[in-house]
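Each of the next two complexes has subunit A plus one other chain: subunit B in the first, subunit C in the second.
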Partner chain A sequence: MQTGQATAGGQVYEAAEQNLSARRKVWGRILIVAASLGLAIMVMWQLLDSMGVIATGFPNWRPVAFAYLVWAIALGAGQVMIHGENGHRALFLLPALLFTIAMVIFPTFFGLYIAFTDWNLSSFTGQKFNGLDNVRALVADEYFWNALLNMVYYVLSVAVQYAIAFGLALLLNAEIKARKFFRVAFLLPFMLSPVAISWMIGKSLMEYRFGPLATLMRHLGWESPAFFATPWIARLSIVAMDSWVWIPFIMILLLAGLQALPKEVQEAAKVDGATPWQSFWQITFPLMLPISVTAIVLRIIFQLKLADIVINTTSGGPGGATDTVSSFIFREYRDRSNVGYGTMVAEAYLIIIIIFITLLLKVLRRWMREENDA
Partner chain B sequence: MKVELYNRLMSMSRRDMLKGAAAVSALGVAGGYAASTPTFAAADDLRAAILKIPGVGKGSPTDADWQKVGEMTLGATKASIKEGEFKGVELSFMGLNNQNLHNLLFRGFLKPWEAYTGAKITWIDLAQADYNPRLQQAIASGTIDFDILEMGAPFEGDVGGKGLASEMPDWVKKQIEFDDLVNYLKPPVGTWNGKQIRVTIDGDTHNFNYRTDYFADADLAKAWAAEGHKGDWSVPNTWQKVQEVTKFLKGKKIKGQDAYGYLDAPKGWGGFGFYFLGSRATAYAKHPDDKAWLFDIDTMKPRVNNPAWVRAIQDEIDALPFEPADQLNADPGTTGFQQFLAGTGSMLSWWGDIGSNAKTSDSSVVGDVVGFSILPGSDDVYNSKTGKWDTLASGPNFSPNMAYLGWGVYVMARVDSDSKKHKAAWSAAAHLGGKDLSLWTAAYPSGFQPYRNSHFNIPEWVAAGYDEKFITSYLKSEADSYNHPNAAIEPRIPGIFQYYSVAEDELAKIFAGKATAQAGADAIAAAWEKLTDQIGRDSQIKLYKASLGM
Partner chain C sequence: MAYPASSEPHPSGLLRHVTGRVFIYGALLLWAFICIFPIYWTVSTSLKKAPNVMKGNLIPWLDFQPDWLGWRSLGLSPDTIFNVSTVRDEFLLRFENSILVSIGAAALAIIIGSLAAYGLSRFQYRLGPWRNKDISFFFLSQLILPPVVLAMPFLVLYKELALLDTITGLVLVYTLMVLPIVIWIMRDQFDTIPIELEQAALVDGCSVWGAFLRIVLPIALPGIVAAFILAVVLSWNEYFFAALLTSTNAKTLPVMVASQTGSQGISWWSMAALSTAAIAPLVLIGVFLERYIVKGLTAGAVK
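So, the complex of A and B:
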């Protein structure tokens, strides 16, 4: 078994071999098996109780959670007993791994189970397995597809946000006066809560009657500056607010990338007589591609979760024009206690996001490779 | 009392106070609205003493004041409970902490009760937004961890329908002087399967708020006559007139500002927005000969797509182009607080908060030009049984919308197995719903509106420092709604807010022009049918009947 750890220098450090007694190893194995059995018995027992097969279970699942904790500790101790120093190493990883299983992997799979049930909290019959009914309902749900179409628009707006953020990053990277002040000032929107922004901007600045922005628009000749009354203007208004919050995020990533660029290449281009335009497109932009891709992908992931500004400002209106998948899920859960179907929408959306991001990364990687080859 | 109304009271001068005191004696002679209620002279000394805590103009009440009120109103408890009788009993109380009221007040009120009885209460405080999910999760997962619950009547279906509420003992009914409740809060509201389950501590209704200056404006009156409208220029008392006035006002000016008529709230509001369509629809849909107006009683078939509701939806569609340009993005919060109170629009249906904010809110500019009445009626009313529109011999059909039905205190059935705990829990609930204590909550900031006939004794309010004209108009609109024989009572069935929430989504599409009134209403009805099947049609029918006392 490979127990060594290769370093950057190519040296391999072997963990000190310990003379572990066979008895210690056996007890270690017994500990793990006993804890695993205990956990399995408790899970089964509680499962049978909740299914109504037996009636001697615990009042809730909390004891099973404690059993998982005990099992995790026993597993760690068992590793040390069996593998010695290597077991100690495992202890660095095990807590994080078990925590992720408990908090991410298990809920995701449990969520999948819930997604295939008919579970309205007000229902007298409680949770019922309903096969593919929720999937069929999802396929036929025009609110979901409408929200998904809106997400396409919102995601496309990331391209504009990226362009603006790049421009701002270039400005802040240049030798301008009060550069530090502007760097902090431009970051401020990102530091604000989107909920606060939806009130300060959406409900105050853009307010039809007394909002300063509406007043300004009237002065500029827009007779009825209603920012949220027609579908496309409402969508653009939401995008504008969302962009205001998130452009600084893209900008700061790009700025960090710009500052890390080797100065020599740009100076060499300058000496060779390249114009700033040529210098940007031929040198800066290609060199910035990796960081740009990271920024865009991260931003798209955040964008796909857009909900707060929409819920606060338009509630998805007018007529669903600004609705997002997340705000739709919010309504299904909070307002309608429709846990089964709401979970199906959430799980389906998660799968769509994973597929979309995977494809996006693949396309971007291929495009970057072609760019580099060119 | 709502906080804002109290703040207004606080801002009154000593001169106002003296005027108020003078008005007490004047009213005693004049009779008027107060004549039907007990006179101030007959009022209990205790009630007068309670209203002096802390006293008008002496700052907002504190925990010490709440405790003092709790102590002074402990008489009824002492009459039925021996000192220290509940020693060792521990009760858990779940309620809200909105505006630092509700549970915080209850703590103060119940502290002397705890000291006297020996019981101990632990508190579960929830923000409004967390309340429904917490309650639904506790019910669905069978983890009820509270003995006493502050709850709105619309949730009675969720709690009462699942047998989770304890039945009110007769001694509690007697202690809280149950008969003093306004009509609509009497059974079937607060009952489940004929059993009383709630100690009422609040009342709710939508009333009609209008601008008196609009309807006294000579130029508008002249224009109204010039355009050939029938009748005088006056406050509309039917929805037909509301529509006519709304269309007439478009393009007119009042005091140099754009004039507008009725203010609709087409944007969803977490289910609560549906109440506002309801206020437009009740006069059309609630027939005096029929208790039901939202669903057919025997089948739970939705009526939301019948001609009455479709007419109300169509009215809103027709009115929207005559309302402010961004009305499509207006929820009830916008219409009430950013529009009506800020001077935009002349007619509005809302809860009592508009009246209580009109003179107190810094952003209100309508304090001196606001009037109140019950919701407008309709020249004809739809008869679901015959499928025809009836014109009543008595005149327009009125049907105030008893939206939300107010807060109550409920005891959970889990205490029933322990007689001592059962008695203690009901004693605590009865203390909070006591007649005298409730006068204080009606008159000082508490988050609760008047809900007893004894709360409408105007001289008591005037003696406390209220402007007589204002409080009379305001309370009259509330009392007339509460006691109306054809009031539209909300179905207290499980998941009622789910129905409202689904409807809001469909209505948003209708108002955005994506569906006609009929097609949209049909879509709401279809979604409601699906929801009824999901929750359980048979049980919903049974519970709907139970909620109507049938």
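So, the complex of A and C:
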């Protein structure tokens, strides 16, 4: 890794030129090479052991993890020895970088391997490579496509959440008393764990016989308030619970945006005789576009991971109507121990997400530019 | 066009002003009710007997006589608190696990996250073709990764590393989960600190690390607290990895709540007591540390 001259906000501050002795640099290189060799030997040894070639390895791979840690430390020390001041700077970034690489890169590639096997934890024969069988199964799997379609509905519900959140942010930004109380109250749903919410709302408030929400619905004239019995109502119930949790998140971002708006513009509009309605659509809303886009994109990213509430309230039922891709894969792992196929679905979903988010960002960026030019 | 008058008390303007106020407070109160009622319902149900639950009684003392029923089944009511209770031991173990895991993950993420954020905010890195912008994007892009993608590889990896069902294993996963958010918040925080402070320290003979630890960190403390609290909350609530990677030792509170939800025979008041206990720390954090949560969530979003 190389670190150049330091800049922050366009400013430059120079590292003091150091004269590092040639010997120090050589030792630094030797240290890194030795540590890398050590790590490589450990990996090879353990690999040979687990393949049954030699029988003197460790009982598990944990020593290799420690070897990685030692290697990381040696790498850092070597950086300082070779590059001096710049090496010190590299030390800031290295821990997070090495941690993320170890925790993400390896599992992702290993996941790709698992995805092409027929690995099932409950079968006795062990895993074997099965080529494109999982891909074929995936394309033919109605439950997967159904879950993916549900994700479209769930993502679309973000628009409704955004509208409600905007309304709430406007309310909180108005001149009101007890603002602190309302802010805390509005934030609370976001803090609670989805698992607890699944019981508190899904299984208790919405309970068919004596949940208060069901009672309320009976009073309002819905004779059999079964929230999770028919597909569309079940889907709406999940969306309602999910919105209850996540509206505060959007609301807080929008409120911060509202509070950062220049007051003069709105005052000027008022003086010019604009109605509140006009000044909202022609001034506030356009000014809030950037933060709105940020909030919606973040919200969509989190929405694509939706799982906990569905798993614990409906397990994807009735008939897969509320299933999300994550809850579908969860059941594949948990109930059928179908590791190989489940991982293939997960990898496919990741690719779909990456394509979708990239396209979304691209479209939004172009649209924002046009808005600015117009 | 008329608009809500603030200075002149014109009759129609006043009327409009009053209806506006009524509408605003009506909407605020309605939403506050929607937010708080489920929590109130859970807490009050933990104090109800079966007939009260079935009749849908809502207000203690007025239409039902509160009782420690739910808390007794958890072993946490005043009359059972000193008795031996396996349920309570189980609950306390899960509670402790949740605390250890969320504090551990938040602390680890803060340490390596603030270091990286400081580096990215102050120095220019070159990593092959990658510059600071790309490295930042690499960290942030981890947010997109859904847990399901990592779940299975982690299960297998942890089995090989003997980390399945351990606190350490969960801490590492949750650190990975909250790291992008911590880096995002801390970078925003460090960007607001003027660089002249460090330059002065460097001139006085501080090393880069000395300047960071003695000058910058104390100033960045509000950001650190915000990032820490947000990381704790996210880790505390996490269910997906905990459900897959733990079985007996390291099971956390959400997993315990979920397993109780699934079982058929469980009574409402016990479930309500358990839910109340599981969300109580979060409600307290929400009420007393709301400022930091908001700071954490909005970091870098408003420019």
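Side notes on the structure shown:
Operating definition for what follows: the second predicted complex is superposed on the first by the 358 of 374 C-alpha atoms of A that agree within 3 Å, B and C clash if a C-alpha of one lies under 4 Å from a C-alpha of the other, contacts with A are read in each partner's own complex, and residues count from 1 in each chain.
Definition applied: a contact is a pair of C-beta atoms (placed from the backbone, for glycine too) under 8 Å apart; a residue touches a chain by one contact, two chains touch by 3 or more.
These figures come from a predicted structure and were not determined experimentally.
Once the two complexes are laid over each other on the shared chain, residue contacts for A:R209 go to subunit B and to subunit C alike.
Contacts of A:P318 after superposition: subunit B is touched, whereas subunit C is not reached.
Contact with subunit B, but none with subunit C, is seen for A:R336 once the two complexes are overlaid on the shared chain. Of the two partner chains placed by superposition, A:N372 touches none, neither subunit B nor subunit C. Contacts of A:N60 after superposition on the shared chain: both subunit B and subunit C are touched. In the overlay built on the shared chain, the residue A:A234 is in contact with subunit B alone; subunit C does not reach it. In the superposition on chain A, contact of A:F99 is made with subunit C only, not with subunit B. Between subunit B and subunit C, C contacts the larger number of subunit A residues.
The intersection of subunit A residues touching subunit B with those touching subunit C, taken from the two complexes, comprises 60, 209-210, 334. Chain contact summary for the complex, subunit C toward subunit A: residues 1, 3-4, 24-25, 27-28, 31-32, 34-39, 41-42, 45, 53-56, 58, 111-113, 115-116, 118-127, 135, 138-139, 142-157, 160-163, 172-173, 175-176, 179, 183, 191, 195, 198-199, 202, 207-209, 212, 233, 236-237, 239-240, 243-244, 253-255, 257-258, 261-262, 268, 271-272, 275, 278-279, 282-283, 285-287, 290, 293-294, 297-298, 301-303.
The residues of subunit A lying in touch with subunit B in their complex are 60, 118, 120-126, 143, 207-210, 224, 226-229, 231, 234, 314-321, 331, 334-338. Of all residues in subunit B, only 132-133, 136-137, 139-140, 143, 157-158, 161-162, 266-271, 324-329, 331, 338-339, 342, 344, 494-495, 497-498, 501-502, 505, 508-509, 511-514, 531, 534-536, 539 touch subunit A in the complex they form. Every residue of subunit A that touches subunit C in the complex is listed here, in rising order: 1-9, 11, 13, 59-62, 65, 85, 88-93, 95-97, 99-100, 103-104, 106-108, 110-111, 114, 167-168, 171-172, 174, 176, 181-189, 191-201, 203-205, 209-210, 212, 215, 244, 248-249, 252-253, 256-257, 260, 270, 273-276, 290-291, 294-295, 301, 304-305, 307-308, 311-312, 325-326, 329-330, 333-334, 339, 342-343, 346-347, 349-350, 353-354, 357.
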